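Got some structures for you, see below.
Each of the next two complexes has subunit A plus one other chain: subunit B in the first, subunit C in the second.
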Partner chain A sequence: MNSDNPWLSWSYVQDHWRELIAVGFEHLGITVAAIALACAVAVPLALLARRHPSLAGSIIGISGVLYTIPSLALISVLWPVFGLSPLTVVVALAVYALLVMVRAILVGLSEVPAGTVDAAVGMGMSDRELLWRVQAPLALPTALAGLRIVTVSTVGMVTVGALVGYGGYGSMILAGLYENAYHAKIATATICVVLLALVLDALLLLLERQVTPWVRGR
Partner chain B sequence: MGVLAWLTDPANWTGPDGVPARTLEHLVIAALAMALGLIVAVPVGVWLGHTRRASFLTTSIGNLGRAIPTLALLVILASIPQIGVGDLAAVLALALFSIPPMLTSSYVGVRDVDPGARDAATGMGMTGGQLLWRVELPLAAPSILSGVRTSLVQVVATVSLAALVGSGGLGRYVVDGFARQDETLVLVGALLVSALALGTDWVAGRSTRRMVARGVRPAAGSGSEQLQIARVTGEQRAWSGGAAAGWAGAYVALGALVVGGLLMAGGRGNAEDLRIAAFNFGESKIMAAMYEDLLTDAGVAVEVSELSSREVISPALEDGAVDVVAEYLGTYTEFLNKQVNGPDAPAVANSDVAETLAAGRRIADPLGITLAEPALAADQNAFAVTREFADEHGLVTVSDLAALSQTQPLVLGGPPECPTRPFCLPGLEEVYGAQITEFVSLDAGGPLTKQALSQGAIDVGLVFSSDGGVSALDLVVLDDDQSLQTVDNLVPALSDRAATPGVIAALDALAVTLTTEDLIELNRLVDIERRDAGEVAEEYLVTKGLLTTSS
Partner chain C sequence: MTDAPAISLHDVAKTYPDGTVAVHELSFEVPRGRIAALVGPSGCGKTTTMRMINRLTEPTSGEIRVDGSDIMAADPVELRRHIGYVIQQVGLFPHRTISENVATVCDLNGWDATRTSTRVGEMLELVGLDPSTYGERYPHQLSGGQRQRVGVARALAADPPVLLMDEPFGAVDPVARARLQEQFFALQRQLGTTVVLVTHDIDEAVLLGDRLAVMREGGFLDQYAEPGTILGSPATPFVADFVGADRTIKRLALTPIDVSLLAGPRDIPGQPSVPADTRMREALVALFDSPTGTVLVTRDGTPLGTLTMDAVHRAMAAQEPAA
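So, the complex of A and B:
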């Protein structure tokens, strides 16, 4: 094929930076929407599992089953339902994020030392006070660690949305393959995905430090 | 056909496309990838944990590894010429993909071995090697094995993605089903892959438990999944106003993030603007850019979006989510024919432009899709072989190929829908009488087919006649002497609201100007010279004097 087809090309970035930024917003938008949707479902589910421990097994089990459905299949199956919109990708990614979020919240809650809970109960706290004043703050670091894992993996998985036209940088990666293996396009888009993931991860790390200052001394 | 009917049809359980063969392929790819990943990740992780070195590096690789999309790994490996499309790219990409969880869990497992146990072992006079083999590894086994299990299940689930770059496995059903608009096949694929992944997880869970030394095993029943969450029972206070307000606030914020994210992702441009769609390959982008320039010049507000496939774009055209797309007359007519009259409907497109256009319009009009005037330029499906192969066997026409097929086995590569489309496998066999030994499912004249051809993985491939990459790769298009291929002139397909006299007049001007030779040259500039599709399109329109105001 063409001999001059470098993987890394600064001139590619210079010629296409507008497109790279516009696609970045699409990628970011899908990521944020999917994670927010997952959180909106995960928190009540986790609290439900806390109140009814017998449900915890089935909630984790069912979301575990959903988690093993390959993203390609889930997106293809959701496409007739949600049609040609980013919602198809967002819902699929939220399903994957759900398991990790629920599990992280439940693990965080389970790691609260029994002695601390006893002390709180001894102080006369109600169940809701125990949850929000003791268990939730102590579970927060684990839950936020889960959020970071979810964010990084969601940024990567958005690419599969290329199948329905909303894959952010994934659309560029696949298009690069179809344009006679345009190496610079494929590599640049891949690097952008990784950078986006690292930046979001760093931002969440900062947030984690801000909201859980007591963990820092570890 | 329902999923159950499909699964109980014995025909789907035999042959190279049957469930057992696809499952075996899937498992072999996964096993090879896991074996490669395991050989690298576990020893390195264990050694780093033992020496307690490079903690930052190890955790960074773990995090970075999660961030690199598998799709990117697959595409990058498949577009390296020495590797190429197919199972090898899949195995290598998935091996890389499997490394981070195993590396991290091995490292953490060994690093976090109880220092007391370590001290005791050293105090007993154990050497570094003995410490590693007799103390650290057995104690770290649960962590290492859980990493292996995570990787294994992820790899088994992700093999399906490899079908996008032409590899086998159960993902083929999903990708092929999507390409053939066969929802049953997509569902079957999703079901089978999910079942396989769940089964793998179950088996891995059972066997990893056996591999852990008895003393380290968690007691039966109190599996590590069992979460004990302390809570107070009894008194449950009613909802207070403050709590409700807190929840409402949190949900308004989350809802805003969802809506904001969706708008950021999808809210490009104005709802009033006409939406031009392009398929995600060069020629379609050039056509979309020319339509954009022509319509803007005619005072119509437009925006362009890039979409993946006809299966996505065509329904959007019907319901007006997309307004203008450069379609291929024969292929699109047949696509709509199958959609309206069922998958077994007789073909209505043929090798005559006027007849095919009339047939296409009869089907498209009731759907609210207008086919405007077709361009002179056509991009037909064509069968191609390498120049070497053509010279060796003296091939000029497809009939020559059919004659050759009587004496030697031939492997055909093409889009997933090839075995069911008259222009592809059935046409070769019925019209030309060719004997095709094996069909390999790749893509519609894309990089997979062309690479497979030049690597010799297939003997003959279905390509597009106007593709600049065909001559660049030294491939030879065989003459379609029995007129098997339908006319595939470029034709604007318009939604109801786009089908105005102004829009049609603007696009007609291009239709009578653009020839196949022009199109091949434009494709060459974009696909081979790597010029920008928008620039190339505008230059062409300006040269031909089709723009009144030069922008």
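So, the complex of A and C:
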């Protein structure tokens, strides 16, 4: 039976490459949408915490509590709200990405040397100039490191979306299980998840190097 | 306007909301183009006093004028763009090149690119860094002393009439520090910038300061005067103690040779000679080293007179105020 149901099968890839690519785009789309949503919420929250340091603890705390909710439970809660749609998955994943992003941005901001901030203000930078000319660029490497972690973990977590029918390769894995444990389908989809994560991570690393030229040669 | 002091503090005090007094009411004026050194132990309020001048710390009471204008009437951001600022940590922007760092205030003030880049080149040359070698480097690629010089160039690039410095030479080794102090002093005299310098080092204060403000723990200004006066007649026991038991030796470094106290020129074989503009401390060193116990003082090679231990003693005694 094992010979009839191999885990690794090149012929499976050859027969299903169109499906694999289409599913890959769905997987990528959900990943990017979730991270974009997380960033869209994380950046204003981090800026709020920068302006009101007393709020930083609460923001990190609440994001931390959200982070501990099991993904299956979260999707079950969001399901009635957003229905059987990709939005359910996107919102759920964004909730997990939020904590890491907020924390990465805040850590990045806090790591800007105090002397650099003091010099900037002392030379006559307004708060906005301080943020955009000094703090934001110096926080960028840490924020991007957070983004890479979030990206890799989100690519993996998209598979849970199979529960509501939008899990990218996760849906294929689930289908493979139902089809009498179709090993090649399960393994190929899994490998595709890993490859997608590695490719996105490498792209982000390149971006990081590109936008932080001063870190090179240190 | 022109005869107004560049900086004046009148009954300025700083009390924090919890009641801690950082600076008790103090007043002093810094004449245009001069260096005032705020000196004292840690916790004496010298940095707080300096930071009130560009409103990084808001004074609780009193009045501070820069170039005759009340600083509380100005927008703090606008005010700071016309006051240079140098700190011990330097605070260069690690993500910007040396040229970009120096250009900071020019950019904030909206200078056009040509004017800014010309100015950046001039400033780097003025502090002894070749723009073509260092301009495109990042701060971490420079030594501590070089970074400190970039910090000074950056603070002076937009030609501020006033410069604030907080322990600017504190983080570099003693050899580099002496060279930086010397270069900075020459630069300050060349540009005519009015400077408030914060330091805990009395020797640095005496070396660079035209005026010394000696401050005591708890935010008290004990004495504000020229260095010779501080060393010659300290106003309080604290000042006397702070300037050190060797204050007379320090004062010698400030005192020129008093030609009127010299004995007539005597040609003694083996006697060393010093030019008339030598400071007493150096002349004294020559005197100690002299096999004859005398030093010939000359001007443009012409003997003026002979310095003896007795003349040094009388010169210092004459300087000691009657009080």
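The definition used in the following text is that the second predicted complex is superposed on the first by the 215 of 218 C-alpha atoms of A that agree within 3 Å, B and C clash if a C-alpha of one lies under 4 Å from a C-alpha of the other, contacts with A are read in each partner's own complex, and residues count from 1 in each chain.
Heads up, the rule we're going with is that a contact is a pair of C-beta atoms (placed from the backbone, for glycine too) under 8 Å apart; a residue touches a chain by one contact, two chains touch by 3 or more.
Predicted model only: the values in this text are computed from it and were never measured.
*Asks:* I'd like to know which partner A:Met157 touches here: subunit B for first, subunit C for second, both or neither.
*Replies:* Touch partner of A:Met157: subunit B, not subunit C.
*Asks:* For A:Leu78 in the superposed arrangement: first (subunit B), second (subunit C), both or neither?
*Replies:* In the superposition, A:Leu78 contacts neither subunit B nor subunit C.
*Asks:* In the superposed arrangement, which partner chain does A:Trp214 touch: subunit B (first), subunit C (second), both, or neither?
*Replies:* second
*Asks:* Counting only touches as set out at the top, which of subunit B and subunit C does A:Ser126 meet: first, second, both, neither?
*Replies:* both
*Asks:* Answer with first, second, both or neither: which of subunit B and subunit C does A:Leu204 touch in the superposed model?
*Replies:* neither
*Asks:* Comparing subunit B against subunit C, which has contacts with more of the residues in subunit A?
*Replies:* B
*Asks:* Looking at A:Pro137, would you say it contacts subunit B, subunit C, both, or neither? Reply first, second, both or neither.
*Replies:* second
*Asks:* If you lay the two complexes on top of each other, which residues of subunit A touch subunit B in one and subunit C in the other?
*Replies:* In subunit A, residues 114, 117, 121, 125-126 are touched by subunit B and also by subunit C.
*Asks:* Which of the residues in subunit B end up touching subunit A in this complex?
*Replies:* Residues 63-64, 66-72, 75-76, 78-79, 81, 153, 157-158, 160-161, 163-165, 171, 174-175, 177-178, 183, 186-187, 189-190, 193-194, 197-198, 201, 225, 227-237, 243, 250-251, 254-255, 257-266, 268, 280-282, 305-308, 312, 315-316, 319, 321-322, 443, 446-447, 450-451, 468-469, 472-473, 526-528, 530, 532 of subunit B touch subunit A in their complex.
*Asks:* Subunit B touches which residues of subunit A in the complex?
*Replies:* Listed in rising order, the residues of subunit A that touch subunit B are 1-2, 15, 22, 25-37, 39-40, 43, 49-51, 53, 56-57, 60, 65, 68-74, 76-77, 79-80, 83-87, 89-90, 106-107, 109-110, 112, 114, 117, 121, 125-128, 130-131, 135, 149, 152-153, 155-160, 162-166, 168-171, 173-184, 186-187, 189-190, 193-194, 197-198, 201.
*Asks:* State the interface residues of subunit A toward subunit C in the complex, per the touch definition above.
*Replies:* Result: residues 113-126, 129, 133-134, 137-138, 212, 214, 217-218 of subunit A touch subunit C.
*Asks:* Can you tell me which positions in subunit C touch subunit A when the two form their complex?
*Replies:* Residues 54, 56, 77-85, 87-96, 104-105, 108, 138, 140-141, 151, 154-155, 164 of subunit C touch subunit A in their complex.
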